[in-house]
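Common to both upcoming complexes is chain A, partnered first by chain B, then by chain C.
Take a look at the complex of A and B:
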């Protein structure tokens, strides 16, 4: 299993704070995980499948999309912030 | 320090981590603050009050009624004034003991380089990716510490980039070029959220200037104020980063 967390605006929009998913081919790396989530359609697709940038952290470390996932990993998705 | 200064800064001088020497370092410091909006307001007010001896404040905008909900350095009386003038008046009233140079224009190219070179710390209180990327590049090239903060809606993030080889830069965090960020005018922002992030930026700037404690170099703090949750993430240099990879390889 892997744990997926949604932070800030993503948590609010997706009405999901966290969930656990099976580790398999569809969750092999962060790109695959995003594809899997976007396949849920609607807002999930807008957030994870569209042009929107979503940032990710793997086990509390900022991660790039091609990082591989392993059993017990925690992936946190969070939005970019530029305002000020 | 004269008697007035000793009294003005007494509550800071009594801190064992800072002491007289740290206060003197602050008074001898020069800080460049880019942006006099929601983040620049608390950053500049705290740094002025704390006795940073020389601040250069930069913004090209004028004060608008819609700014006042969160840009607490500006007032109803200063609507229509350049933000740098409005801020100068407020900062001078807080602490006439320090020097504040307002620059009422967008800083680019050589002018930006010159200002960054002369600064001991740069504070990014801007509101867009292109300014943030430009500032990061110049800070990296001149090895100038950059205290970076951003806030929108009810979320924020803050980090410190040392400018040194082996440490990450802002571009390691945002590898994609041509991103269009969300603006507060389109997405809204809760007033104190910029205050939370700006206050942390001011704290980190003081720590970088005085060398006390440990800073957010190599870490990204992200805030979800709706649930008041913080996460501190590790941030490593990206070997593919177009700005700093050369120095790491």
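Take a look at the complex of A and C:
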């Protein structure tokens, strides 16, 4: 299993804070995971399949989209940050 | 090097933090601090309240990394980065970056570096409340430019 977290505007729009997904071909890396999520349609497709900037983190570090996922990984998706 | 990094729901008291940073260290000759405050005005609208969300765990790691990089670039004696989360009202301090060094040059540069990197790399998100609703604050292009200056 992998854990997927959503923050800020994504969490609100998708009405999802976190979920667990099976680790398989559809979650092999971050690009694949985004495709899987956008296939859910509607807002999921708008957010993960469109031009929106969505940042990804893998195990709490900013991640590139081709990074491979493994059992127990924590992936997070969020909009560009606005702290400070 | 005294390093303190905190993310807190409690009110931030910048001057207490700055005093603590430099307490009892007679070698410190300069303290430079940046205090980010909540404004009641943004993008042409009056903002009555703000909520700050963060990614617990990643936030602290990201801040650690930024502070460590600053310590690698400049000769520093103390760094304190404290960031608020939760609900904030206008006038409330949002963030404190305080840097102590022997001479001012190092502290000035490191302080600006840390806040510039924090703005683009630490996972915090602001949501503003206005009279007619709420909105998430959009990231600013000028913050990316500010960060990029340090990369040459």
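The working rule: the second predicted complex is superposed on the first by the 80 of 84 C-alpha atoms of A that agree within 3 Å, B and C clash if a C-alpha of one lies under 4 Å from a C-alpha of the other, contacts with A are read in each partner's own complex, and residues count from 1 in each chain.
Here is the rule we use: contacts are C-beta pairs under 8 Å (C-beta built on N, C-alpha and C of every residue); 3 or more make two chains touch, one makes a residue touch a chain.
What you are looking at is a predicted structure, and each value in this text was computed from that prediction instead of being measured.
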First (chain B), second (chain C), both or neither touched by A:82: both
Partner chain in contact with A:7 - chain B first, chain C second, else both or neither: both
Partner chain(s) touched by A:64 [first = chain B, second = chain C, both, neither]: first
Chain A positions touched by chain B in one structure and by chain C in the second: 7-9, 57, 60-62, 76, 78-84
Complex contacts: residues of chain C adjacent to chain A: 36, 52-55, 57-58, 61, 83, 94-95, 115, 118-127, 136-140, 143
For the chain B and chain A complex, residues of the former touching the latter: 35, 37-40, 124-129, 132, 149-157, 173-176, 179, 181-184, 187, 189, 194, 197, 220, 222-224, 226-227, 229, 231-236, 238, 240
Residues on chain A engaged by chain B in the complex (per definition of touch): 7-9, 11-12, 53, 57, 60-62, 64, 76, 78-84
Chain A residues within the chain C interface of the complex: 5, 7-9, 57, 60-62, 76, 78-84
